[in-house]
Amino acid sequence: MGGPMAKNLLDAGHKLVVHDVFREAVVDLKELGAATAATPREIASTASVIITMLPSSPNVKEVYCGENGILSTVKPGSLLIDTSTIEPAVAQEVCELVRGKESRFLDAPVSGGVTAAKGATLTFMVGGEEAGYEQAEQILKNMGKNVIHTGPSGTGQAAKICNNLLLAVSMIGVSEASNLAIRLGLEPEMIAKVINSSSGRCWSSDTYNPCPGIIEGIPSSNNYQGGFASQLMAKDLGLAQNAATVTKTPTPLGSLAHQIYRMMCNDGYDQLDFSSVFQFLKKENK
Amino acid sequence: MGGPMAKNLLDAGHKLVVHDVFREAVVDLKELGAATAATPREIASTASVIITMLPSSPNVKEVYCGENGILSTVKPGSLLIDTSTIEPAVAQEVCELVRGKESRFLDAPVSGGVTAAKGATLTFMVGGEEAGYEQAEQILKNMGKNVIHTGPSGTGQAAKICNNLLLAVSMIGVSEASNLAIRLGLEPEMIAKVINSSSGRCWSSDTYNPCPGIIEGIPSSNNYQGGFASQLMAKDLGLAQNAATVTKTPTPLGSLAHQIYRMMCNDGYDQLDFSSVFQFLKKENK
Amino acid sequence: MGGPMAKNLLDAGHKLVVHDVFREAVVDLKELGAATAATPREIASTASVIITMLPSSPNVKEVYCGENGILSTVKPGSLLIDTSTIEPAVAQEVCELVRGKESRFLDAPVSGGVTAAKGATLTFMVGGEEAGYEQAEQILKNMGKNVIHTGPSGTGQAAKICNNLLLAVSMIGVSEASNLAIRLGLEPEMIAKVINSSSGRCWSSDTYNPCPGIIEGIPSSNNYQGGFASQLMAKDLGLAQNAATVTKTPTPLGSLAHQIYRMMCNDGYDQLDFSSVFQFLKKENK
Amino acid sequence: MGGPMAKNLLDAGHKLVVHDVFREAVVDLKELGAATAATPREIASTASVIITMLPSSPNVKEVYCGENGILSTVKPGSLLIDTSTIEPAVAQEVCELVRGKESRFLDAPVSGGVTAAKGATLTFMVGGEEAGYEQAEQILKNMGKNVIHTGPSGTGQAAKICNNLLLAVSMIGVSEASNLAIRLGLEPEMIAKVINSSSGRCWSSDTYNPCPGIIEGIPSSNNYQGGFASQLMAKDLGLAQNAATVTKTPTPLGSLAHQIYRMMCNDGYDQLDFSSVFQFLKKENK
């Protein structure tokens, strides 16, 4: 994700210093004119606006608070924007530490995936103070189409995982409804048509239908290649589960959706797009 | 439901003979010019197009196959349209019996509720033979906006219950996501805005949001009065469950949604609109 | 099941007239001295005590109420005992019809499987009137070890499916707890030992542990061969689900257990013992 | 919990130095001859065997690793035993830190509740090195009846939470089966009798039956007072959920059980014994 996002910043005329633990990941950017650094620490000693995109909470902690982390050298008055999807509580914790360094921190997870990263059409859900948000808005607009200020620190992450909880529930719901309808004698196109013109209508049905052949150009019509992998959905549902446990919020369907994606990952669907739950539930014993 | 539907037929110039086990239910129609009959049997002895709207499978069996039922006097060449929501298998069974009387039967359940019945904006999902559908289409258009031929006998019912399974799952999903987001610090309007512009978008969020005050003029902004009662949703989910069991189709979320609506009904939410699941899950221990 | 049960009755000195739609099924019994009949109707015209063992509700309806069924010729004062596992409501319905013939009907489903049928160690859960139960008790004791009078008509079936609902829930629970413990570093024997001496103790752990090698001589230590097939468990959970829907009783775990066994059957576990859910949940992506 | 456990150690002739953040909690122990300390740090500077009993993971981290924590003054060669129920990963983390201080750490959560703590009949599930276990065994036997060495560090916690996951699942299962059976016409005593002599048999049915009046002297026969509060069960199920997420282990029923206890707590059952789930599911709409 980080690569195409950085390219869009370069295209917009920004000067970049980039770092990735996998050196090959920045070769392209170097050729396009970006400088490179050996550690986050090194970047923080020169840059005053830093954007991070990392796989999970522990990585964010390491990159910000580790020995070679950003906070070891960050200059007062810096703006730090983390676009990873992590636990809201960790985002808030890092935000506090950044405040202690007289700098600003925003949690700004994205939706849209690699395609949207390339096309600069990502949606950013941004949590943090108003002043920081105003400073960040134009920068983020170089990489995305929608930039939403969701509220105080942590709410960007909260918005992201709550949307994805609902997304998983809807996708499994569409898959169950479609499978049942087909076994009851409806054509796949017909049940999609009925749902899309009724109260069951949703993005998982009208834009990203999991049944092959209903909509062209999406993963379900391409053997579930590309898109948003089931294992990433399982990860996000795990974050939602943790947040629900901490806040004592009942999320019965979100919790069961989490379990279903865990089972799918263990059954070999981990790299397939998350809409492949249609196939997972469609299995039939002959 | 039957009352406003009949009025629309009268308005369109059709002659009607009506019957209801509760006599008061047809007083209005009588004043508007409808004839009345004491039994379904009596109606079938004179009318050649008969429309039924009944609460559940056993009532349909009684009205069609009972001692005073339609089949006891139905004339060959009649068209029988059942707009109740019942088990697809029962619809198919009745269809077979009607065929034995040299007449046609369609299962044509509706969506839209009483409001749509009054406004003649119902959606009809119609299962049955092409010829019967063609004959029925104009008649149904007097009562509804969308008339969809879903396929062979039983598929009208199948389409209806599959849509409602997805609707229940979506509504609970929106409620869980909204509750969790609010407890994580988002404003209710903000999580709705994020969802409606992201992949979680669905009818239950953008048209019928369960959180009070987000959308005016719907049950959630009116103490969950009116709309589609939780007990009716529980009934439809029970039909979906039976159909899933018979066809051996796994529907984990639909099944859990069924259980949640059962718990709600037992907890006093039975008469409230089904979007009140937001309140059911929102309970907090002080 | 019917074969070994009949042999035990022959061994006890009873005279039998037997029937099965598959004629080969009664060849052994014929050699052992049983008479045979072509239809249930034929049996009912001569015998005054009739025992049936059938796969599911529709078969019971056919054998009792069909054209060649028992009720077409049953003599007043007969005792009819159905040992099938079927819907409680169907048992009650048949009971009413039998009463109309001035005879007695008991629902008497069994637990214990083929092994217990051979060894005459079945448990019979018997629903129906006291007088009928007293007449049946000695006969059933020729085939089983425990004969329990559970209450009025239908309660034998109710007791059976409620026990099996709990059994499925416990078995999945033991499987989840064992898998989780093993992944957290415990030896399989150790988690079994802890559970069996703690509050998690249950038949599914101390007598029929699903983890291979913990207990010898049971299906889990024999590649899940023999025992009680997952598809039969799925069937019983479907009956429990129907009964719960009709009585509006929430059974969230029983309902999810049903869905899990449906998924297992569709994934090729249908013929394996129901304890194979341990393997189904244990799958791991390498 | 800590109070009665300490008394049993005093009774056995051990010398104690005790500390609790609530000073009143140690008044009794002081009268019985225990010395007191102001902080864990102070205790660690004198004692070489230290036992902790704390509410949750953050408290354990604070008491061991905080400014006034045990590790700030612990002497090499000490034995530290934590009897709290916490996350296995936190136990392993603390164990590592203790090792760095050349001392030994055991995770030794208990089952049995306050009653067993008073009667010295607790079960200890002990994770950690063999040498530490051997040193701890006799000490723990002063407070408990069963002391089980479950394996390496963290496995004591793992065993505890896996048992409790199964316990919750069983208890809800017994409640569902009993409620359904009662609504189908069985007497509460009868369904308990059937289950206890069949494959549904479990501790939650034969020892701690949730239906009032079946077994005397337990919470269900005393308005669900005493026992193990629903909110503690919710906490343990949250720990199990976290452990399952981290290890990517599917636990569908355990996860749903967690959600049910969350809903119960929010509905006012938080202080009632966890067997009150029978009442929560039994609600009926009149």
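Residue numbering begins at 1 within each chain, and the chains themselves are lettered A, B, C and D in the order written.
We take it that contacts are C-beta pairs under 8 Å (C-beta built on N, C-alpha and C of every residue); 3 or more make two chains touch, one makes a residue touch a chain.
These are the chains along with the protein names UniProt gives them: A, B, C, D = 3-hydroxyisobutyrate dehydrogenase.
Bear in mind the structure is a predicted one, so any value in this text is a computation, not a measurement.
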Copy pair chain A, chain C: interface residue numbering same or different (half cut): same
Chain located farthest away, centre of chain D as origin (C-alpha): B
Between C-D and A-D, flag the pair that has more C-beta pairs in contact. C-D
Chain B and chain C are the same sequence; what rotation (0 to 180°, nearest 5) superposes their CA atoms? 180
Distance between chain centroids, defined by C-alpha means - chain A, chain D (Å): 37
CA centre of chain A versus CA centre of chain C: separation in Å? 49
Got the chain A residues that touch at least 2 other chains? 244, 248-252, 256, 260, 263, 265-266, 281, 284
In the complex, chain A residues that touch chain C: 256, 263, 265-268, 270, 281, 283-285
Once bound in the complex, which stretches of chain A touch chain B? 88, 111, 123, 125, 146, 148, 150-152, 154-155, 158-159, 162-167, 169-170, 172-174, 176-181, 183-187, 190-191, 193-195, 197-205, 207-208, 240, 243-244, 247-254, 256-257, 260, 281, 284
Interface residues, chain A side, partner chain D - complex: 234, 238, 241-242, 244-245, 248-252, 255-256, 258-260, 262-263, 265-266
